[in-house]
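Chain nomenclature is as follows: A, B, C and D, assigned in order of appearance, with residue numbering initiated at 1 for each chain independently.
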Amino acid sequence: MTWDANLLWQFDMLILLMMVICAVAALSLKGLVSSAVVTGAYSFFTCLMWTHMMAVDVAFTEAAVGAAVSTVIIVATAQYINPWSKD
Amino acid sequence: MFPVSFYQIAPVIALCASLLAVPLIAVSGRHPNLREFWTFAAAALKFAMVLSLTGWILAGNVITVDLINVLPDISIQLRVDSFGMVFALVSSFLWIAAALYTVGYMRGLAEHAQTRFFVCFALSLCATIGVAFSGNLLTMYLFYEMLSLSTYPLVAHHQDREGRGGARKYLTFLLGGSVGMVLPAMIILFSLSGNLDFADNIYGGIIPQGTGNLLVTILFVAFLFGFAKNGIMPMHAWLPGAMVAPTPVSALLHAVAVVKVGVFCTARVMLYIFGIDVMDELNLGVAAAYIVSFTIVTASIIALTKDNLKARLAYSTISQLSYIILGVALLTPSAVQGGLIHIVNHAFAKITLFFCAGAIYVASRKKNISEMSGLGRVMPFTFGAFALASLSMIGAPPVGGFITKWYLLVGALDAGQTAIILVLLASTMLNVAYFGPVTYKAFFGKPNDSISENPKIKEAPLIMLVPIVAAAIISVLLGIFPHIMMQFVRMVTT
Amino acid sequence: MKPFARIILFLCAVMMLTATVDLPDWADPGSPASTHLSPGFIEQGYHETATPNVVTAVLADYRSYDTLFESVVVFAASLVVMLVLRRTSTGTSRIKHFRPKREGRDTILRGAAQSIIPVMQIFALYVLFHGHYSPGGGFQGGVIFGASFILLSLCYSLKFAMQRFKEKMVLICCACGALLYAGIGAVCLAMGWNFLGYAGLAGLLGVTDVMARSHGILAVEAGVGITVMAVMVSLYYDLASGGDMEEGL
Amino acid sequence: MMDQTPVFIIAIPLFASLLLTLIGPLGPRVAYGLLIGALSLSLGASLATMVRVVQTGQAIHYYMGDWLPPMGIELVIDHLSAAVLVMIGVCALLSGIYSMHTAGQDNHDRLNNYYALFSLLVTGLLGMASAGDVFNLYVLLEISALASYGLLARGGGKAYFATFKYLVMGTIGACFYLLGVGYIYIMTGSLNMADLADILSRESLQESVSIRIGFTLIILGIWTKMALFPLHAWLPNAYSRAGTATACLIAPLMTKVSVYIMLRMMFTVFSADYIFNQIAWSSLVIYMASAAVVLGMITAFAQRDMRKMLTYIIVAEIGYMTGGAWLANTAGYTGAVYHILADGLMTLSLFMAVGAIIYRTGDTSANAMQGIFRRMPITAAVFLIGAASIVGIPPTCGFFSKWYLLQGAVQAGAWIFVAALLIAGLMAAIIFFRLLEAAFFGNLDDEGLSVGHSAPHSGTGAVQMREAPLTMLVPLAVAGAALLGLGIYTNEVVTYLIRWSVPAGF
């Protein structure tokens, strides 16, 4: 397993782009629950990124914690907050 | 006579005597007689200790005791030399007198919170002796602050609007001066010279060669005004304000402890930190002399306008304190001697005056001079003492004040400061102008109705009268036998 | 305030981007991070800890003190959330909140959950205990295990999950996992080694020092796993029910 | 046994906090006992370690898991950390004892969990003070931060919002720190402080932009954590709305330990040479510190709520320490370190005194101070000592720290800082004088004077003396005595502890 920086750089860029889109979307979406879900998506792309960087264990954790449990917990929290509040 | 080690312990005992008395006084608050006993015991112990050191000091020795090393280069150090000895003797002796008088006064008026009063009294005396015996600037500063804080409850004793305002002003000026000016000046000084110990003689000082003139001048000004207890205008404003305190406190503040500590600190710093040579070189002495001359004259003029006896005495104090600094600032040996001996002379005279004011108040509840017309016939001893003390203030022979004036005039002549001589003369005239009428009216004025018709007005209780008369007599004795104290003062200048 | 916040954000971004100019290339084998300590870990890791997965060896042995406190961080999080949210008195009027209705969609969900949860749990255990050889370990295993309970409560109901994994039990697990970890450290201490020096277990287990380290890693990973699993569940219980443990998401 | 003391300092409160969550059914008494026992043992271990450090004159290295650094993690207890450890231990124990009556106020249930967090916070702080590894420090920073969020939020009501603000700021601070550590790790490949110092002293890294930005991020993170002036907004509300027991623990310790971390980062990981010659921000930081000092005091002056006033004073005190550390000379450094110890005790005694007054009067405003000298003389005396210490009156320890700071500022020619310190001293005098005057006179506003005047004359029966319970009074008195003791033994503290840790290059 050798690392070639040129291999799949388009894939790399795509993931990074998606991450940025998700981050911006999470901030700009009005509904808290939708924001939470987008955060989950962001975590998923991060997870892909980690895998791409060959850090499988980190990817693993990101998938379990970031994409799954945090999203659930954020959604669970969000339901107690007025979904249309300004902050 | 004593083993040397005694001389190491005695200053500490003198310092701690009143400190040890504090818990005892506090605990025995319910038994006034026991409480007063502790005060007297401590006062007597303190005076005895100070007295026992005189012979050794007169023999030309200097005692230094290191108490605690608080900072790596500086320790809390006691140092007994002739300069401090003068002040220590006066203050420890006058504590006994003041304590006697206080008991009479407080009981006569049935004042509240007497225990707190005596506790703070003892604490402030401890601080006073601490300043007198301090071996370096930091120690002096420590006791200086202790004095400011421990006299606060005394000034605020009445706990009414006036007492509160006066006490607030009191602390504002004293803390403002010490924290705002003395502390930074002290630290700058420490950075410059690496230590804060007082120099061995009054000429050299400890400021290293080559320090910028401007910096030295700034330091000098900071110390001169920073020790706000010395009452130099414009830092004098607390003094009339602190007038609201009970009379024994005023006596303590204005005659012994507080103002004298201020003056003592100023003189100590001028002589032992800056040194005569440096002050002479930069003309700081002359500058200081003119600054205090202004205070002398202005305060006297203000005193003239005051009808309240204690207020008049307060402005008189401001004026008289500046004599001491004036003497030191003139930098000639005679002037310095004159200034230092005035610490003693003024203490005895002014405490007499305040005691009298208090006695008059206890006996007749009168505060204003205009109401005292003819009162001297009813209270001959009180007003007799008042007259003697006034003479001392004025500087008439044979009372102690004369000695001061003499040396100051000689010193001013030596220094060639004609203007200062004029100031001294003018001040003497003003003193006559504001003290003369008080005595004159009391003895020869027409008694007004409230006095002639009130048979209850008579001399104050004996316990108050004794200190008054004693202090007045000592005042006279100081004029007749000045050499006892002059021995100490001469040692300072040699 | 908003433009101000944007300026700060912009400045931070500029600062961080500036820093990248100087950084070594991505995955540069000559970078300090790859040359300073990593070779040591890679070369000696197996011989010193009998753990082929260097990451696990570093995490749970070389830097085991960090990992102890990381699991304590997780433990602290659950404690904080519980202290802030959990209320004992019930029946008081609560804020009305959005609650999805469950009727009519339970069967598929439950069916899926029934089949997936056992697999998840076994997988979690595998991840946990196979950490010596493959990516994984206490944190990942614990999270997956915890997620299985969260899934259970999502698909059934909070009550249903809480019957199987009681709140009290969750809290005990939170503390016990960390306690197991710290306890192993203390046992090593008692055996005359430094805190967390797993070689101290050799005498107790009757194995060599190196194997003892391997076993020690396994035990602390189990401790981490227990704590993380319980904490995940505890966080979910508290957050989903708003602290009253009555009704959840 | 003796060479294991460093780990006992941290492990004992850690075990206590884990056990505390399990012993809920045994009741609050047991929990309290366990907490106090653990804190005392931990303090004992700290003291033993300090004695060892002072005796041997060199730092103690404790290798976790017997792995030698830089591969493993080590605890390093040198003179500086020993002093801070003992300070933390003392403050934690005193506030622990003090919490007996006050902790129950906002914890009717789950007192054991509250105490578990309490103990965990202490663990985190002790761990930070003894860490020899920058990442380990981050983990412990997170522990103490998390625990403090939980404890502060227990104040209820407005405390939730204040704590949330603190949480956001605290998390940003921690993230900055972590990012900085990340950059430095990429550039050096090491996390061990001593190893880092060694690598960073190399010529090639002195100029590196990444290292510089790493340092910037770390310092910004720490400044956020310690509430240095422009980043202080979270502190006053968070601390003043917390419960009394919490405030007494957190207010003296959290920010002080953050200052300790700043010193560690500046002088142990990076070097004085790098900070003052390569980065050369010191004049800017001195301005910030001066602003912190003056504005903190001015804002404190404007407060009517006593605890809020004290929290603004903390902001000012942080300015003292930051300024001292960035003066780049021995006196300034000594002042900063000494002030860490002194300010911990000062803040503790003031918060405890105010807490006792609030406990008895139920009033958090300055009105509560009225007549305290008569009703609660011991509390009032401690408050007086604490106030004198903040103002800087000898022989309290506050005077000596101010002495060193001023000396350092004078030597460095930082006149703005000198002025700020003096103004702050005077402001503090006014602030406390106002309160003490009320405490002495027994009334606050001029209108009520007649009432106040009659009270003292009407005899002792009018005001009854009612001190706080003994468990509050004893720690209070000890803290007050410690203020004087630390002041009197300044020389020893400076000679045996602080002098040894003065960084090279001063």
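Operating definition for what follows: a contact is a pair of C-beta atoms (placed from the backbone, for glycine too) under 8 Å apart; a residue touches a chain by one contact, two chains touch by 3 or more.
Here the structure is a predicted model, which is why all the values come from computation and not from measurement.
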item: Distance between chain centroids, defined by C-alpha means - chain B, chain C (Å); value: 74
item: Whole-Å gap separating chain A and chain B, where each centre is the average of the chain's CA atoms; value: 79
item: Cα-centroid distance, chain A relative to chain D, in whole angstrom; value: 38
item: Chain B-chain D separation of Cα centroids, rounded to whole Å; value: 43
item: Chain-level touch network, classified as line, ring, star, complete or other; value: line
item: Pairwise chain contacts, counting only pairs that touch as defined; value: A-C, B-D, C-D
item: Complex interface listing, chain B residues touching chain D; value: 68-72, 75-76, 112-113, 138, 141-142, 145, 149, 153, 156, 159-161, 164, 167-168, 171, 175-176, 179-180, 183-184, 187-188, 190-191
item: Residue ranges of chain D touching chain C (in the complex, touch as defined); value: 4, 7, 11, 14-15, 18-19, 21-22, 62-67, 70-73, 109-110, 113-114, 116-117, 120, 123, 127, 133, 135-136, 139-140, 142-143, 146-147, 149-150, 153-154, 160, 179, 183, 185-190, 199, 208-211, 213-214, 216-217
item: Touching residues on chain A, where the partner in the complex is chain C; value: 3, 5, 53, 56-57, 60-61, 64-65, 68-69, 72-73, 75-77, 79-80, 83
item: For the chain D and chain B complex, residues of the former touching the latter; value: 388, 391-395, 400, 402-403, 406-407, 410-411, 418, 422, 425-426, 429, 433, 437, 440-442, 446, 449, 452-453, 456-457, 487-488, 490-491, 494-495, 499
item: Of all residues in chain C, those that touch chain A in their complex; value: 25-27, 55, 95, 97-99, 127, 135-137, 139-140, 143-144, 146-147, 150, 154, 232, 235-236, 239-240, 242, 248-249
